[in-house]
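Take a look at the structure below.
Chain naming follows the written order as A, B, C, D and E, and within any one chain the residues start at number 1.
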Amino acid sequence: MEPVLQVDSLSKRFGSIVALERVSFALEAGTILGLIGPNGSGKTTLLNTLNGLYRPDSGEIRYLGRPTRNLRPHQLALLGISRTFQNARVFHTLTVTQNMLVPLVHARVHSAEAQERARQLLTFVGLERYQALPASELSGGQQKLLEFARALMTEPRLVLMDEPFGGVHPEIKALLLERIREAQQERQVSFIIVSHEIPDLLSLARTIICMSYGRIIARGSPQEVSEHPDVIAAYLGHAGGQAQIQTSPSSPVSSSSYFEQAGGHPS
Amino acid sequence: MLTTVSLSLLVQALVNGLLLGLVYTLISLGLSLTLGIMGVVNVAHSTLIMLGSYLALELLQRLGLDPIISAVIAVPVFFLIGVLLERLLISRVARTSQTTGLLVLFGVLVVIEGAAILRWTTDTQVLSVSYTNTSLTLDGIAIAVPRLIAAAIALVLVLLLDTFLRSTLYGKAIRAMSQNLDAARISGIDTDRLSLLVFGLATATAGVGGVTLAMIFPFDPQDHYRWLAWAFLVVVIGGLGSIRNTLLAGLLIGLIETLSSVLFPFQYVYFIVYLLLVVALLVRGQGLAGSQSRAL
Amino acid sequence: MMRHAADVPAGSGAPSPNGLASNANAGLSMRGVTAGYYSHDLVLNNVSLNARPGKVTVLLGPNGSGKSTALRVLYGLLRPRSGQILLDGREITTVPPQRRLALGMALLPQGRSVFPELTVQENLEIGGWLLARDRRRLAAALEGVYARYPSLKEWRQKQAGSLSGGQQRLVEIGRMMVADPRVILIDEPSVGLAPVIVDQVYEEIARLKEEQRTILLVDQNVRAAVALADYIYTLEYGRNNLEGERGAFEDRLEALIKSWLRF
Amino acid sequence: MKSFRLFVTTTVLLVLILTGCSAAQNAGSSTSSSNGLPPAGQPIVIGGTLGLTGAYAGPSADYKATYDYWLQQVNSHGGLLGHPVKMIIYDDESNPATAQSLYQRLIHQDKVNLLLSPYTTAIGGAVLPIAAANHMILWNGGFVGIKLFKSSQWMIGSYTYQEPDYSRGVFEMIDSLPASERPTRVGIVTEQNPFTLAVRDGYQGQGGVINFAKQRGMQIVLNEEYPPTATDVSGLIQRAKAAKVDLFFALSLPNPAALIARTAYSLGFKPKIYCACGSLVTSLPYWAQLGPAGEGIFSTAMAVPSDNYDGINDLFTMLQRVRHETVFSQYAAVAMTILQVMQQAVEGARTLDQQQLRAYVLSHRFNTVNGPLTFDQYGMPRYNAVLVQYLNGKNEVVWPPSRATAKPQLQ
Amino acid sequence: MSSALLERATARTRWRSWLYRGLGAAAAVGLLAVLGVLIPLDWVTTLSAVYMYIVLAEGWNILGGYAGYLNFGMVTFFGVGAYTAGVLCTQYNVHPLLTIPLAGIMATVAALLVGVPALRLRGVYFAILTLIISFLTQVLVTNLDITGGASGIYMPSLPFDPFTNEQIFYYAFLGLMLLAVLLAFIIEHSRFGYALVAIREDEDPAEILGVRTTWLKTQALLLGAFLAGVAGAIYAFHTSYIEPQGTFSLDISIDVVLMSLVGGLGTWQGPVIGVPLMLVTAQVLRILAGELPFFGSTLPPEFDRVVFGIILILVALLAPYGVMGLVRRVRGRRLTV
């Protein structure tokens, strides 16, 4: 089966910081790829590069066999890549339904049909009761659900999800998990899901990639990755090496604080 | 379209341009400060300049004070006005959207303008003291004394401000605040009070600028918009956050204006200047927006 | 020993069984804090912590568990919806961040926080802002920092923005140390830094610990943080989860990580 | 439901307000006789607008002061034909669109009997069609505009010369000089404004600085325009200086006129003759403040106190008292003139009928602060201007010799 | 109540509320149409100005209100429209009625020229750029021969009596206003409008979700410019004389922004409320000035400006979302209680 997404040797630097270093992987249609790694390991950068927000320094991305290098985010969206965000980014003054309709602004879909699609998807994620409410009235978890439903509006082939479960109430999390699975199985949508919690991915992803310092350090089944020593090491961090900050042997700064003399009390 | 010009004409234009450029710098300093450091688009800036001109007029007519002395007096007076404006209005909208700030400051503009008309009517005013109509002549090049004085005042202010921002701890704290507000706050800097100081200083330079303009140009309560346009031009071309860049941009624009006014038909001068501003904004606008979002 | 937050009576000031109850008022503590950024989310839900004087207290937890928010609340950058912040028993909940330094507190924030267009020297001078009225003491404090970190002296005329990430981190530490704080809050010191620099940063934290400063460290670099810790808290979904002495955690780190990874 | 109720409420309110308006209006206009005079005891209403704020506020203030002065005088002398006079002057904010709506109001709401023009061509040009369409004379003390006069039957003016003749006096004075003293190199800087452009170009090949100069074989070495918002004119002056201009025309509105004079002075530009032949600027209060920069500059004027025309000195006294003016304002003169013409016409024709008033004006002679006036078929007064030179802080008449108070002094 | 029943019930009330709204709108239009022959002529003129500014404000609102890009140079398109009508009519003898749509098209072309570069900028810099471009256009028009330069253009006047004349323009502006309000209403309730709001709230995610933000913003500008151009053309015939100072006056740009802000940004009702509020207040202050006592003298005419400025400041401080913001706040409170 032809992969939905083929990433070859992708690199991206911001100044002196290496955000992505020769990242390669492929994603088969209708599968879910889990992406884990400590803070700052380059997961979000990878997503941003995949949907065209950043242009890679080198390497290639092929979506459905087509190079995406020069495509803008909205073009990729129209081709079927959609996205959710680490902190839900819904449009607060728009109602829930209006939020759903934003991605269809250029679509040649009749208004009634668009409305109907929005209603179905909102029902799908259990938000149908809130259709007419401004999105700002939703709780954080509900906003994540809305984002997910909104990402499905364009009937995408690939959905990139950044920390969909972060800070979400377990109840909503369970619903979200189930809906992602359904979307994958029934609509043949592929997902790349960034998450901290492997068990969340366990039931979803066949493959998990762990990143650290911009590189892929492990890939395999959830079981394999979570037991991979490099992964555990990456999450543990290192306990300090030999290198020393150039310091003098004794500290001339007295430990008695001048503040005690200078005063400065809270009012 | 180009006309042939003699060398002396060019030299005279050069001299005029430098002097004019310093005047432009002077009226732009305040805008550069508020925009660069606080991210406040002070559209009321030019009405403050206009108030400075009337301060000079009142002090001359009532007390016979020389405008040079008025320029000194303007510093504390306008500093106080700036502090009041900041405390009463700006600080209230500083954390809301920039458009709200724009609206408030536009309201300030309208109120100041209307109040000035009530007080001074719309009559054109001209300030005259012994030196306003004198000029020096060097090798056929005439230099108007009031412009020379204005240029000197501008230079002194530029020097003082630049030294203040670069060499004093307060100045450094102000620059620090513009670069990273949160880091400044956790370093113990009371950024609210510094904003007060910055707005006060910016308003003080507007006041001095107004006094100085009055020595050279006729004024009335309503013709200040042209100075606002000019100040924006200087700030946008110079970029934010540096007094020296403001100075360079001011000189550049002064020179462009006077040189193009001897090279092209005069009616096209402003077309050229506005076009330049459009280009500058397009080239620098994104950069400006970027540096500002960093500051906030 | 390690305890579960569920064992502690809800809403209590979390007097721990480690004798902390006897000096519950010392150090920096947070009592029953609830906080969030927008109207509907609760990033912290009734969280209580205590950083004991002269000790290193480490706050661990998976992403999004509210660690950094806890630090922001402790330093006054975010006002809690309910609950209190106490420093040596005095309530400082509403003291704005710019006044915290004068109380002997300091915060080393996550990510870049140097003033990029100021020189290193100027950055340090900003760190000595509270001494502005006393030039001699400011100079002495700067000299102290330069003696402590000689490389800063080498870079003193350079623009901070032109330094590498690791060098900037040192400038930030130096800037914080000008004020010689007693209570130091450190937020994710290793994020975005190369591994070799990270080691240096922990060396420095170790030295701060030796100097008997009170340290509250929020870190995802679990092993390094635990190595420095005297006492450890973990958060989950914005609530207190586990807490205990280092010893209780040390051998079970992998288990802890796996519990976050859920294995 | 809610929106419906809201709508009904607003509708009812609107209708109430508007019927209230029209009722009031009907009450005011219930009676009028054939000669258009109100019933005995009812006031004759005169209305107009002025740019009391905005770009034209300076001159407008002189108009307002003069209107007030005349009104007070005429009412203290028993009014017009025994009727008290009421005057409504709105602020048009120097904005033609605002002026248009206010003139509609004056005509249809306030039911004014006599219509005064606003100040300056840009505004007046916009309201003239309204006056004409309503068959009302625009008593025009506010602006010149030969084109407008010639195209309309509904204007009576009080400026004793139109744009093409603004510079006529200067050239006639030059004609009287010995050939060797006549300037030959003409420089013109013109503000981009309909009125000043007409001063330069004339009308249908008649008049205008350019035509006058060409007729005399003078060479035009500089001809530049500048926008009203110009900040610095040193480039213009430099060019004039470099072109060795000895007859310099600054065709300006008040604000830039001062800037040009001052810049010319400080850059050492001293043409033989410098004429500020745009607005009547040397008669404005600020001109005195220019000091030496304003000295020696020529300008044209219509009436000066030395003429001792009817009432001119009383008017000047009033201005000195109310406006603290040291120089006699030409705006006050034309404002007073149009009121005097209007007053004499109404009293002479004993009617407010606009057609009859116009016929009366065109066939009679009027005594005004602007001298004795007669009118041509277009409602324009015959040419009657003087050339003044600002000498030792005073406007001296230097041409024509019959009215002169001093000899012209060439630089 | 079962959910199906509930749904049917809500559907019926929704249908009924739409009916009332439609009736209300029809009645309002009818009333305004009747006003044209009922009220005194000066109010006809004043209302014409109100309608014209509503058109400008609705046009401005599409980009400025919904998408949050503050255009401080709306007068550029208004002026281009006025001058297109003037030039075509007087220089090329194009039939006046034909010049009006052509004016809209020329203004749209101008918007394309302005928008493509300008819409790369965000926030205040976009605002300043549009302002400067309006200055630039003014200078250009002042110096072109075809526009009559500073002398301007005298427009042919309609061969009717003054009443008919004013009424014709009253209905012209009324019709255009209804069109503009309808357009705004449709936009506000369309995907296009939602996407514009999305741009205002968070532009990057909007783009990532598939919104061609640049093109949408350009479209918004073009629509507004077309309305302004048509309004400018009608204005030119109404005022019968156009010249660059007044036609490209900064005041028009700023008034449009302020009226929209006072009414409430990003709602079709905003301009409908804000414009009459500001214009009628201004007209009343203007008429009252000189009659009301003020410190022993009469109220000076400049006083209305000061009052205006104070109103502005208060609106910004107390009701940053305009009158509609207040309305929504009150409604919201009623909803939640």
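FYI, a contact is a pair of C-beta atoms (placed from the backbone, for glycine too) under 8 Å apart; a residue touches a chain by one contact, two chains touch by 3 or more.
Values in this document were obtained by computation on a predicted structure and should not be read as measured data.
Undergrad: What is the set of chains touching both chain B and chain C?
TA: Looking at chain C and chain B together, no chain touches each of them.
Undergrad: For chain A and chain E, which third chains touch each of them?
TA: For chain A paired with chain E, there are no chains in contact with each.
Undergrad: Relative to chain C, which chain's C-alpha centre is the most remote?
TA: Between chain C and every other chain, the largest centroid distance is to D.
Undergrad: Compute the distance, rounded to whole Å, between the mean C-alpha positions of chain A and chain C.
TA: Taking the average C-alpha coordinate of chain A and of chain C, the gap between them is 28 Å.
Undergrad: Just how far, in Å, is the C-alpha centre of chain E from the one of chain C?
TA: Chain C and chain E have C-alpha centres separated by 54 Å.
Undergrad: Between chain C and chain D, what is the gap in Å from one C-alpha centre to the other?
TA: Taking the average C-alpha coordinate of chain C and of chain D, the gap between them is 76 Å.
Undergrad: For chain A and chain B, let me know how many angstrom lie between their CA-based centres, rounded off.
TA: Result: the chain centres lie 47 Å from each other.
Undergrad: Give the residues of chain A touching no fewer than two other chains, as numbers and ranges.
TA: Residues: none.
Undergrad: Check each residue of chain E and list the ones that touch at least two other chains.
TA: 139, 142-143, 302, 305
Undergrad: Can you list every residue of chain D that touches 2 or more other chains, as numbers and ranges?
TA: As it turns out, chain D has residues touching two or more other chains at 53, 55, 192, 225, 227.
Undergrad: So which chains end up touching which?
TA: All touching pairs, sorted by chain label, are A-C, A-E, B-C, B-D, B-E, D-E.
Undergrad: Note which residues of chain B are touching chain C in the complex, please.
TA: By the definition above, chain B touches chain C via 169-170, 172-173, 175-176, 179-180, 182-191, 241.
Undergrad: In the complex of these two chains, what residues of chain A are touching chain C?
TA: The touching residues are 16-17, 36, 38-40, 136-140, 163, 166-167, 196-199, 202, 213, 226-227, 231-232, 235-248, 251-255, 257-260, 262-267.
Undergrad: Can you tell me which positions in chain B touch chain D when the two form their complex?
TA: 3, 5-6, 8-9, 12-13, 16, 20, 117, 121-128, 132-135, 137, 142, 144-147, 216-218, 220, 222-223, 225-227, 230, 257-258, 260-262, 265-267, 269-270
Undergrad: Using the touch definition from the top, list the residues of chain C that touch chain B in their complex.
TA: Per the touch definition, chain C meets chain B at residues 75, 77, 96-102, 106-107, 109, 113-118, 122-123, 125-127, 129-130, 132, 138, 175, 179.
Undergrad: Sort out for me which residues of chain E touch chain D in the complex.
TA: Touching chain D from chain E are residues 16-17, 20-21, 23-24, 27-28, 31, 35, 38-46, 49, 139, 142-143, 149-152, 154, 157, 161-162, 165-166, 235, 239-241, 243-246, 249, 251, 283, 286-287, 289-290, 301-302, 305.
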